[in-house]
Amino acid sequence: MIDALYQKDVMRLAASAKGAGKLPTPTATVTVDNPLCGDRVTFDVVMDADKRIQEVAHTVKGCVLCQASASVIGAEAKGETAESLNAVRDTLRGMLKSGATAPTDGKWAALVAFAPVSGHKSRHECVLLPFEAVIQAAKKP
Amino acid sequence: MTLHRPTPSGPGPQKPLFDVAAVRAQFPILATLIHGKVPLHYLDNAATTQVPDYVLDAVRRHDATSRANVKRGVHTLAEMATDAYAAARTKMAQYLNAFDEREIIFTSGTTSAINLVANAFGATLAAGDEVIVSELEHHSNLVPWQLLKARAGIKLKAIPVTDEGRIDVAALPRLVTDRTRLIAVTHVSNVTGAITDVAAVVRAARSVGARVLLDGAQRASHGPLDVQALGVDFYAVSGHKMFGPSGVGALWGRGEILEVLPPFLGGGEMIRTVTLQESTWADVPARFEAGTPPITQAVGLGAAIDWMETIDNVAAAAHTAKLADRVLAGLRALGNRGVRVIGPANMERRVPVIAFAVDGAHPHDICQMLDSHGVALRGGHHCAQPFHERNNLAGTSRASLALYNTDADVDAFLNGLDDALSKLT
Amino acid sequence: MTLHRPTPSGPGPQKPLFDVAAVRAQFPILATLIHGKVPLHYLDNAATTQVPDYVLDAVRRHDATSRANVKRGVHTLAEMATDAYAAARTKMAQYLNAFDEREIIFTSGTTSAINLVANAFGATLAAGDEVIVSELEHHSNLVPWQLLKARAGIKLKAIPVTDEGRIDVAALPRLVTDRTRLIAVTHVSNVTGAITDVAAVVRAARSVGARVLLDGAQRASHGPLDVQALGVDFYAVSGHKMFGPSGVGALWGRGEILEVLPPFLGGGEMIRTVTLQESTWADVPARFEAGTPPITQAVGLGAAIDWMETIDNVAAAAHTAKLADRVLAGLRALGNRGVRVIGPANMERRVPVIAFAVDGAHPHDICQMLDSHGVALRGGHHCAQPFHERNNLAGTSRASLALYNTDADVDAFLNGLDDALSKLT
Amino acid sequence: MIDALYQKDVMRLAASAKGAGKLPTPTATVTVDNPLCGDRVTFDVVMDADKRIQEVAHTVKGCVLCQASASVIGAEAKGETAESLNAVRDTLRGMLKSGATAPTDGKWAALVAFAPVSGHKSRHECVLLPFEAVIQAAKKP
């Protein structure tokens, strides 16, 4: 069951580290901590006039799950708004908390790699933390 | 007593019809022989209730199969312990009908729950702000406010008590002012058994924008609660008075209030970030649960709630009320020998907690003599000195019933009292 | 580690020679199969120790035969409960070698014990007075002082940590001033396992008339203590870290200090007299034990002390030190794969609590993978963020041993870690 | 065993209430409370120049044991000093706490009636409280 947590997809997502780094001139930067494990995720964003994400980058001091989640965001967040990311996070949370179906197609289909995390409540935050950070960043005035 | 039933809480054992023998069988301690010879008649339930095997089993099972520290660990035992602790929170939230389970803070008991409010909510009060208690309060709902008064210069006012032993809510309109920030009163008196007219308290509080705290220690064993319907802001209970373990209790607080309060105790688990000089705080309820919580005890309290869900509360309340009627009638019959009930004369708006005074006989002597009959009573001021002072009583004796009590307990009590009176008066 | 042996505490079971198999047999949870297949290797003892059946039996027996509220009752069960609670206090006093059993205050744990001092002793401090902690502290011995700083304007200073992960007592002479009122440090670090040079701390404190508090949470499971020989003023422990129940702990304080401190929490049992507006306080320790205490849990903690008395501590310490040496050597051997021990490299002046970092691998991933090998570790900042910050670490993984651990546990840990490294780095 | 607590001697001592009442012009008055049960004992004393008790009276809001104990003091305290009463109390405490022998003869022999209380820790204070009060009164400057 553990090996399911660290299946190839997740390891690859983490390793690819899409969007890792810093933006030279972010319109907003938000750092979020997980008080339980000390993980820390920082997201830089550049928002366009429509409040859509134009550029995104992240620094993750966290586990593989956290890195993989940030990497999915790094790959897919462009063009999203705080609201649309919120909806993605709700779907993801539903999958983790109550085994609801994951997004199996569309741009966020990669998130299905986190389905095995649902059996490990203590790790849910690891997956959700990067979403928290990017949503806060996208909301910042 | 009105019993509100929230959504039933989790699996728990099957619910049988109310059958006092079957209930007693779940409490082997009730079969104790006192002094090796007389059967125990446990009438000290207001001090602490006994625990059913179901709860003792749950407590042991937790430590024997799922023991770990909570929240911080990813290993299997840690996940099991964390899940069990979270499930206990959910059960308590359901038992109290909280809006959200995050509104439940596990504490070490009612006393620490009220101290938490007196410090965290108390930190938001300014000199001259008023807290209103009553003359009927347990010291646990008096002294924390006196300490706040000493710290912060608040003003402490007390609602008087009627001669029947009830909080005189009619006095409230005179007492509340625009400086009143909180009315903190007991839901049920641990001396007179009177159930407070909470609606009147809430109305008076709301008329000036004040908050309401209820001390629920004596109410919690009498079936599920509904803090939403009560309309209050804080509610405190103790595990050991609701068929659960000692060392645990809970504070319920309205989410929107808790969210803006500063922490009380500092330590692990209640922080977001810590540097050497400053820290930031975790969300509710973690912010108010510093350090390793009473994990096994919370799990046991959850089991006690599950166990209570197996009981038909209406039938249980009818059962204890019938016994209490007999106690009240028996005490009344001893009126000519100097016995006086301190509290309402009948079971209306009252729980089966019955204090009485005897002219010329001290409660300790009465309780000691009753003990030789196997009857466990409590004597003294029951941590309610101001109430006893007001009634010019050094103390009272108290018989308090739970659903496992029987007619035999009442008989032993009344016979024993008769015997004690003949020796002492 | 020097082990002081005070007068043996009460009856307790017979003391056998140290035999790890016999010890393990008393902890059935150690035979758990994780994920239904791999044996549990419990190396998370610094978070919470497991409980022997002897303690679980005592806990159940108390609630099944002697359950009552304490101190206030004269009936037989109340006397039994009161005696059991008092006996637990005596046992703790003997375990810590207190001057007097009245110096033992039962609390809900180390965190609440330290908060008690930060409030009661804290109330005697003035703005500008200094409290000295260290960079190695658990949040439970940091945040209460930060809260005091916010309340009372005290100055908070921190002793630096050496690169070996020890409190750098050499820095103390520079830090203490005539405004220093308290040095509050951990006796044993929950991250690096280092044992603090208490004599140096006490010397520095006494040189300016300051008091010393030791956080003994991590020391208490390693055999009897001697607060008199240590020469400190306050000592805090948690039951759940010393083979006892959760929900209970103790504060020891020097009698002459406790006697003049104001109370912290208000409620029943801690008063002498209560009127509506004012109260006077009970003697020590009652003054600091507001409300119904964790009775059953204190009794369980007393049983844990009795149980520990059956162990040959010197042999047990030698046993765990040998295992810890193997852990340290194994980690050292993985140095070329990015593994670093965070703390002293050998077992001198150290307990078997061993934190390590792995370049490029996060503690949570390591702990999760080790769990699939049945190995229970803990990963994260271990409630010691400032120390991790200082070392520029997001977190560490930690293996902490108790006397019931075996070579098989060490093997599983080292093999599991090898496997995790191959997957994660 | 309970009947032993309330044997005739104790009941008689309590009923006799020796020294119950107030002194018109006490040189010292001390009230002591038992926080656990709310009992309250007040002793009035008149001390002579040798710091010996010349007159003594008490008001007891307490149980039979407390009344009986106060009654013994009321009968016997004249001529005693704070120190000598302290010694009596220590003997009494020894009898209660560790079953040490009671004063079986001399003026304080009546205290032997409290021997059965030794099995009831919760009642020790009831017997000792009056001594606490009278000793404090005798000590008052």
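When the chains are written out, they are named A, B, C and D in that same order, and each has its own residue count from 1.
One rule holds for everything that comes next: a contact is a pair of C-beta atoms (placed from the backbone, for glycine too) under 8 Å apart; a residue touches a chain by one contact, two chains touch by 3 or more.
This one's a predicted model, so the numbers in the text were calculated from it and none came from an experiment.
Put simply, the chain farthest from subunit C by mean CA position is D. When the C-beta contacts at A-C and at C-D are tallied, the pair with the greater total is A-C.
Centroids of subunit A and subunit C (each the mean of its C-alpha atoms) stand 37 Å apart.
If each chain is reduced to the centroid of its CA atoms, subunit A and subunit B end up 45 Å from each other.
Taking each chain's centre as the mean of its C-alpha atoms, subunit A lies 76 Å from subunit D. Shown for subunit B are the residues that touch two or more other chains, namely 35, 72-74, 78, 269, 271, 273, 364, 368, 371, 379-380, 385. For subunit A, residues touching at least two other chains, in rising order: 36-37, 120, 123.
Residue ranges on subunit C touching subunit A, taken from their complex, read 35, 362-365, 368-369, 371-372, 379-381, 385, 388, 394-395, 423-424.
Residue ranges of subunit C in contact with subunit B, taken from their complex: 28-29, 32, 34-35, 40, 42, 44, 47-48, 50-51, 56, 59-60, 63-65, 67-69, 72-78, 108-112, 114-115, 118, 133, 135, 138-140, 142-147, 149, 156, 158, 238, 240, 245-248, 263, 265-271, 273-279, 290-297, 364, 367-368, 370-371, 375-380, 382-383, 385-386, 389. Interface residues of subunit B facing subunit A in the complex, by the touch rule stated above, are 71-74, 78-79, 82-83, 86, 269, 271-273, 282, 286. Within the complex, the subunit D residues that touch subunit C are 33, 35-37, 120-123. Contacts from subunit A toward subunit C in the complex involve residues 1-3, 5-6, 11, 36-40, 61-66, 120, 123, 126.
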